[in-house]
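Chain IDs A, B, C and D follow the sequence of writing; residue 1 opens each chain.
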Amino acid sequence: MRIGVFICHCGSNIAGTVDCESVAELASGFPEVVYSTDSMYTCSEPGQEGIITAIHEQKLDGVVVASCTPRMHEPTFRRAVERAGLNRYMFEMANIREHVSWIGKDKEHNTNKAADLVLMAVEKLRRNRPLVPKSFETIKRVLVIGGGVAGIQAALDCADGGLDVVMVERDQSIGGKMAKLDKTFPTIDCSSCVLGPKMVDIAQHEKITLHTCAEIEAVSGYVGNFSVTIRRRATYVDWTKCTGCGVCTEKCPSKRSPDVFNEFMGTTTAINIPFPQAIPKKAAINPATCTMIQKGKCGVCAKVCPVGCIDYEQQDELINVDVGAIVVATGYDLFDWHKYPQYGEGRYPDVITSLQYERLLSASGPTGGHIKRPSDGKEPKNVVFIQCVGSRDRSVDRPYCSGFCCMYTAKQAILTKDHIPDSQSYVFYMDIRAPGKGYDEFTRRAMEEYGAQYVRGRVAMIYPHGEQLMVRGADTLAGTQVEVPADLVVLATGVEAAQGAVKLGETLRVVPDQYGFFVESHPKLKPVETNTAGVYLAGACQGPKDIPTSVGQGSAAAAKALGLLSKERLESDPAVSKVNLSRCVGCQKCIGTCPFGAIKAITDRQGKLKAEVIETVCQGCGICTVTCPQGAIQLEHFTDNQILAEVNALCPPKMNASFE
Amino acid sequence: MPAQDERELRIVGFLCNWCSYGGADTAGVARFTQPTDLRIIRVPCSGRIDPLFVVRALLNGADGVLVSGCHPRDCHYAEGNFYARRRLEMLKRFLPITGIDERRFEYTWVSASEGQRWQHVVTEFTRRIHELGPAQSFNPATQEEWFNLALNEASKGEACACHGS
Amino acid sequence: MAKIAYYPGCSGQSTSLEYDLSTRAVCRALGIELVDIEDWSCCGSTPAHTVNHVLSAALSARNLALVEQQGMDTVTTPCPSCLSNLRTAAHKMEDASFRDQANALLDTPCTTKIETLSVLQVIAEQVDAETIRAKVVRPLTGLKVACYYGCIMNRPPALMQFDNHENPMAMDKLMGLLGAEVVPYPLKVECCGASFGVPRVDIVTRLAGKLLDAGRDLDADAFVTACPLCQMNLDMRQGQINTALKENFRIPIFYYTQLLGYALGIDDKELKFNKLCVNPRPVFKKLSELKEAAQAG
Amino acid sequence: MSQLEELKAAIRGHLDSLDCVIGWEQGYDPLHATPLFIRNESDLERLSISPLAVHNPATYATGFAGKKIGMVVRGCHSRSIIELLNEKLIERENVVLFGLCCDGVVSQRKIRTALPADPGFVEAVEIGDDALHITLAGEKTTIKLQDVLADKCRICAYPDPLLADVLIGNKHDSRPEETLACQEAFEAKPNAEKFTFWQDTMSRCIRCYACRNVCPMCVCQDYCIAASRDPLWMSQENSPAENFMFQMIHVSHLTGRCTECGECERACPVDIPLMLLRRYMNKQVQEVFGHQAGTSLDKTPPLLTFQVEEARIKERDW
């Protein structure tokens, strides 16, 4: 090889504590180094030109630059050597700034260390080989998992951008948590008026295919070419015929089905359309409470249905679809507040969650928008709100802030006053977190204009006192204990990862954090990407988020998907694992340890089992290389030989003197 | 600045690209002073680190080997450090039977944001290695020693009590 | 039934003599053999640990060491305060350096971990429900009782490891077995004012008054308690409470062992109903009236 | 019927459906056994199952890939088979296991020491219930079996095959010695002594690879990284460090997979006590993962899987 070495001064950043000239001089004696120099700013335009000129003039076939961290300028220099006609992988970097000049002032030691690092880079480079990325076609279709507001936004943006969209929703209707809300902060505008039109757009957009009552069964493939299996649960209603007329729901005699949409604040019929604005507006039978399905008697809905769409024999259906990108928008679920013994563990019917309260406030809710407490249907006068129920509490393993409870509690206090002018709201809070646009002003309005009494402290106990509940807590500002008689207690229940998120994460190879929220690629710079290429996150599945942020993230995820699939072909990073077929004994251990399913078993011409890497799926971690005892599968650019060369450069083996 | 005395020792570091290498960069950007003995080999993931790399370095005469990866659960590749943790723990536990001081090898987790922690890890590990002093070479250093070794072994009978009885 | 060491506690020798005696009688009837700790001493109660944790632990550990010497590994006590001290001492002495400090104060060091259980826990966990039901000869059918556990019976939960600390049910279940109608008493684990009885009677009357008030709201005929101090504050001070709050409470306050003993048919003399300040006779009158009515009907 | 006859009958019943059955026969002299590959009735007559029959037939199992074979296995051999099955290196339907409840096998090294002179060729060996009567140069020496029992048998916890299609002999219920004194003594030595010991010992290694070739778990066939140029893990130089590197490769690749059959140590021509390394590693695996290779089916070797929370790995918090 003919290797060129370029030592960068980085102004005085490196040259201040490293003798760059001597490093360059030492490097000229390293194996296969034919050219060695130092320059002021190697990454600058003249610096890069210097490299290109040297490659041409010295006929270099490999370049080492000793400068800053490769995490900074490796792509820059790779492009430079590529401009000079070299393969970009025939380039190595030695980090003599962050790892040398900036962390010590002893020039002699620094100079030695810099020279060692250059030697390591040279020794590795001697074992590099040109690598060429593979390109492949992409499927111009996006899968959106979850039909809440984040998923809806992502789906509409993708579809408007010209991509086909497949939306999968676990519930019977899209709309998610937002569809259950009465009004939204800080504008107090009607939730369904904002969301409704977008839901209709989903149903009507020609590029969007919607599957509700459906979940992801399996995902295989890789960025640009995922293959997805969707399981659609039996609804016992043929939706191609159902018009959503609702006659069946009026006539169904089994009226004791749990009303999921209304957060169990009442019951509904076994055949049901969850709410008037449901999309799709189709009926579905709850098999657990349908007497026809359970006992074989009834059949009323089939008799009254004008289009004959009832099918008690319907089975689950598996749908296969190929997509190029996936947007995960599975949202959140509420913390199970029954874990707190001090709130009565469910013994008191008038202790409800904030989402249940939304249903009581909603005109389409079980009480028609009149606030009636569950125990006796009376209108409450004193309403106590307790914040941080399952948020910021290590004792229940929920140390994080759920983010939007402060805001919706203020909103609910305001709405309570609107509904019942002679009511009084009390809010037990820890801190008020209102960092959005117009948010703090909003909480102030709740206190100042609507007279909500904010008490800073935790609630220690709720106990019945006559027809009321007594709420005892601390007022930490007054330094005293307070007891507030309440007709209704609303718990600002915290947010936790949606049920099944961890399992879905396994299917998608997206890692959940310890609370089940999906981990983004970078907390600041890649907030909607995941470490699995082609899978993006939107909304609360990544962490608690309010509506504007969820919508923003939905659009961001859509932009990422659109950007990805706007290219005709994608290139894969060639620094992936490669099997030396002659060394592979087909033990398949690598297949088992690969976190990405990027290795498959094949049979060679002699009928022997071998491993094969799917280059576009491999992410280049190298777990397989360590797994393989024969060293038959090697991670390109980080092969055993390359790493061993670095080790041997640092610690030369002591040979038997007589052999030297 | 070497850790304690003027003489540098040979410490090899294997760092994953995503977390610990970034952590070392962060420490550099923040100008956190560190001993100079350590030389870092960048690998994509701690799951790429074959315990045999560590063995190779130690048998080649490294005075210390430090491995650092992403904190468990934070692996860029989801699972690499989980495999690494098992492999490296077994190596560390195995070293005592070889007579190589297991304190010469350490593995830990440093994230890309933990510049200060990286400084602490490097400083402490380097201090430890200096306390242990230069490692004894597995191969004899001089011609004479090679010769003596050959003589020793020729004069020896059974190697272990297991085989005597 | 296995033998178990018994630590009566100081109250059991005086203000709550009836608790001690009824406990012994009930255990005998249920086949629990209590073995008194010989030469037991005060557990340190509330004053000791406010002064010195090591000394406080040593006071309790002395008793634990005696249990160990008598060749047993479990001790039971009716008093929640003693229970708290004994369990705290045993827990703290799991730390070696603390144990050495405490043992240095003792002639007989405590070396093994002695488990302390409340008598209530022993009955709840070691006697099965059917056995108790079968032994009931004077059922409490129709009697409305409020079970009041007091604040330290199950707290701190990590130390006590028994029942729900916010909504304990052990006494409720036990009274239910005897046929009583247990009202859903919400203030089961409230503070009665405890040892403020001497320095700040006003606090006790306010807090204990609230307890009685909640019981009256639920139409309770009687309270059952498991703590000598709670019982004293509710029973002996009921007159003071009435004066201070301008109330007219007349609610008998039993130890749960007394009502249990009654139901099991133990002689009233052993149960010492005559030690109670608020006359319990209306309760027994109601019971006999209900019984007659049932027989007539 | 003797155990041998019982075994022969069992093998005879399967012979038609199998490519071959691996057992043992007498080797170059009556003191030494050698593996026997039984393909027909006449081969079967040479079958021997005396305590001299030590070789682990599992070593050959992967070489018969795709063929259906039988193997006569002792307890430790069955562990190797189970491990190979768990790693899907052989298929259950392709092996028929004739299990022997094993009373232990001999160590030729110990016999060599116990005999008055270098054995050379032994004329006759008579195997009694608890002793060997060896005729050497016309003279008869009696050695108690207990005295020449292989170390692995002294501490064997699984004398009876853990997996067998046919089981011959009586099951054991006695507990063996739990540890070997010499193993413990070596482990307790200071680092410097252990270091020098391996330096000296490794200078003796001739890198013949017998330990590797005889290892039932060494399945890399001709592709061992100790003898390849790509990847180039080690040079061919004969130095203590390179020789030890080879042993470390072997240990590393056996982590959580070694079934302690002792073949490596038995095969070593220069008496390197390799089992010191194996037993120590196995102990660590047992402590950390609660795993003993080849003791139950459907267990993944611990280094090929992980737990998100490792109960017994302390995260080093510095």
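Here is the rule we go by: contacts are C-beta pairs under 8 Å (C-beta built on N, C-alpha and C of every residue); 3 or more make two chains touch, one makes a residue touch a chain.
Since we're looking at a predicted model, the values are computed, not measured.
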item	value
Per-chain CA centroid nearest to the all-protein CA mean	A
Relative to subunit C, chain with the most remote C-alpha centre	D
Pair joined by more contacting C-beta pairs (A-C or A-B)	A-B
Centroid spacing, where centroids are CA-atom means, of subunit C and subunit D in whole angstrom	66
Inter-centroid spacing, subunit C versus subunit A (mean Cα positions, whole Å)	53
Computed distance of Cα centres, subunit B from subunit A, in Å	36
Approximate Å spacing (C-alpha centroids) for the pair subunit B, subunit D	33
Multi-partner residues of subunit B (at least 2 other chains)	50, 56, 59-60, 73, 79, 83, 87, 137, 139
Contacts with 2+ other chains: residues of subunit A	593, 627, 640, 644, 653-656
Interchain contacts (touch definition) - all pairs	A-B, A-C, A-D, B-D
Residues of subunit A defined as touching subunit C within the complex	341-342, 344-345, 347, 461, 463-466
Touch list for subunit B against partner subunit A, complex	1-2, 8, 10, 12, 17, 21-22, 24-25, 27-29, 31-36, 39-45, 47-50, 53, 56-57, 59-62, 73-80, 83, 87, 119, 137, 139, 141-143, 146
Touching residues on subunit A, where the partner in the complex is subunit D	580, 582-583, 585, 587-589, 592-593, 627, 629-632, 634, 639-641, 644, 653-656, 659
Residue ranges of subunit D touching subunit B (in the complex, touch as defined)	107, 109-110, 113, 147, 151, 180-183, 185-187, 191-204, 233-234, 239-241, 244-245, 248-249, 251-252, 255-256, 271-273, 275-277, 280-281, 284-285, 287-289, 302-303, 306-308, 310, 313, 315-316, 318
Complex interface listing, subunit D residues touching subunit A	87-89, 219-221, 223-225, 228, 230-233, 235, 237-239, 241-242, 253, 300, 304-305
